[in-house]
């Protein structure tokens, strides 16, 4: 039985994480943290670090960058491993917290993307790129997303470029329809109502093609990744780990 | 039984057209035309217009622009309808030949693309655009194709723009990953080994999407369109018609 | 400005329809009908037909079969056209209500599926089947859906079979992996978590293929179809019409 | 520089392998084997094992089962590693040849499928199945293929079943549209003109999906796998290895 403390327990992610853990047989929520205890829960909800009077195995954090840094430091120095889903921590803060973890003999896992399908897609793309240097990425999101391409698409292009062992056959082309070239991987971004978030990596070689596609349409897609992180964080080396793929 | 004369009968398309017509029960090849009669056929092969001593219902032309124009004039003024698959005839030439057809009471059908799947895709895209103004096009071709986007993609964008009754919801974005905007339709072109020629039109609206995809991987995909054109050209109005969709 | 009365205004569909119409500039809700007026609205909510003291152009019904029949009769004989989204009306009831409409000089539109993408998919499939007799259907739904194949898939198979002008090339096969053969159209049903509702029709011929795919992931996808029905029902012939495709 | 001897050098695969190796800078063909030397080649073509008077690093075999067994025995006992692409060797023959290889201190690699995209697809499917127990397979082939499902689809289902750590959420259903259930993986087979050979594995979980798709449309798709096998066979353990994935 893994005992968990959830920081940001009344936020959108925090509420869903709490529901998931309540349903899971091998996870117990021993407490929550929130600026205000706006609702009753089956576990104690603390409104400051000072109030906390329980012990957990894992601290799970879905708050804001500054709070998350303070929280992580507290958790790591109070005998807990920490899983941070809060986004926006600077690289310096991440490195500093890694040192705190190391000194405390604890694990700190910072996760930019909890969707297991997205993490697997990137792993598979890295492996395929070793044999198929020619690759393109097509991502599609709802029409309100204003940046393009998506962070996942950029990260995937980087991973493909790093894994290639040969140069692609298809020549570089500057035509606007050929998309944005990131590390010699053309990236295409679609923005359409009726789509939520998806990404497709297309590999081609003489006479064959291989495509890996990932679709997220709901925050529920992150729960399996959160559960995995909480269950397995203790298997990681002491100190900082970034990304769920260390566990996949 | 429709009687056909094939100009360019030893070219790549001509040979395949001849094989298809030989197998079809309702089509007879009464003659071929080629600069040199390099091989024996079950039908007479003439090496010049002067030699021709047979009468056909339909003249089919897969030659070169200049020859095709001369051939079409001959056919239209000798009691035949003409189906021209030769590409590259200028708009003036097309218009002039249309006048010749009208004067002769004959039909001239010029076909840029015989793939029925491509023609249907464009028809469907036009209809869908009436209800779904938000659309994007993703086409993929082999990595040797240097122009981007493809002619079919450009034509499809034009057809979508003409059919729209509302403006798209997704705002215009200049980011390179958003592709080339043709008439407010973002067009994305992929060039990969392992692909031949395909095009996908994606429509999106609140909570739903509709996608139409067409793949050609072989010259054989044109045969059904050629057969349709030859069988149905007599149902068209006298004069010039451009494109197979008049028959679909 | 079209004036509308919504029956079942507190149901899941009714609420969404009311929100959509409130936002639409050319539609006004003049009243709602519900067994109990459980909440305040900007329009009067009546709890029985007797209470209704307003006049509308169109009656929209998302209730239960028995109520819908009574409601439709009321609407048609009180100077309104009726758009019925309630499912489960027997063919006899539909025919009887059609007679009522005819006698009253009104239009009755019964709509099994308001998703425009699904209706267009079926129209496109019917057209494509004229040229491509070889077709298969692959539908995918969430893993809670216990019937297979879906009603839309069955309806699409019927439409394809009716439109074919030739027999398919692919021979009939009884292997279980070849799916369920409906009118010589193999239908395959997938049931997976992470999917909501989608359907794909695949056509193939020598050297080419054409695919039409429709995805619904949200009740919001029906709103455009409801709006279209309400706006255009007056253009239909007097009497009964079934299906949105009469308007597309 | 790896020196290669090709058995079955005038067969369809043999000819393509020879062309590929002629173009590769690090591979040299030192000889070919064929029942009759029907054409001149830049390397000697032997018509029997007795005639062979050259030494190679790797024996490549695309012949018939009986010949392949005799050939492999010859190669393994004459100082060569062997890559066997010939299909149809019984499990007993494979085991016996493995013993021959072991005794000779040589490597024997038997490869059922040289398409790297297919081998990667199976590897990725195995990994994904650890996290996503719900999976279905959809394969599509040309309409002349009479068996269904394909061997690759069956092998993929087996690999998924072996890798699962949990039972799928979707209940077992016997409806014909739900396909053939192999190890609790529903498999769907499409047979359509216009398709060559493709396979798609679909994984689904709450709010997300992951799809891996592989398309082969040409024998050229096997060449990269043959080259990989020839270049890397020496890195395998002495004795028998089955399948290209040992090298990926």
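Note that the chains are named A, B, C and D in the order they appear, and that numbering of residues resets to 1 at the start of each chain.
Note that contacts are C-beta pairs under 8 Å (C-beta built on N, C-alpha and C of every residue); 3 or more make two chains touch, one makes a residue touch a chain.
All of these numbers come straight from a predicted model, not from anything done at the bench.
Relative to the C-alpha centre of subunit D, the farthest chain centre belongs to C.
Interface of subunit A with subunit D: the two copies contact each other largely through the same residue positions, with over half of all numbers used appearing on both sides. Subunit A and subunit D have CA centres that are 36 Å apart. Centre-to-centre, using mean CA coordinates, subunit B is 40 Å away from subunit D. Across the assembly, subunit C contributes residues 194, 203, 205-209, 215, 217, 221 that each touch 2 or more other chains. The touching residues of subunit C, counted against subunit B in their complex, run 115-118, 120-121, 123-124, 127-128, 131-132, 203, 205-224, 228, 248. Subunit C meets subunit D in the complex at residues 134-136, 138, 140, 143, 146-149, 153, 169-171, 173, 175-180, 186-195, 202-209.
On the subunit D side of its complex with subunit B, the touching residues are 194, 196, 215, 217, 221.
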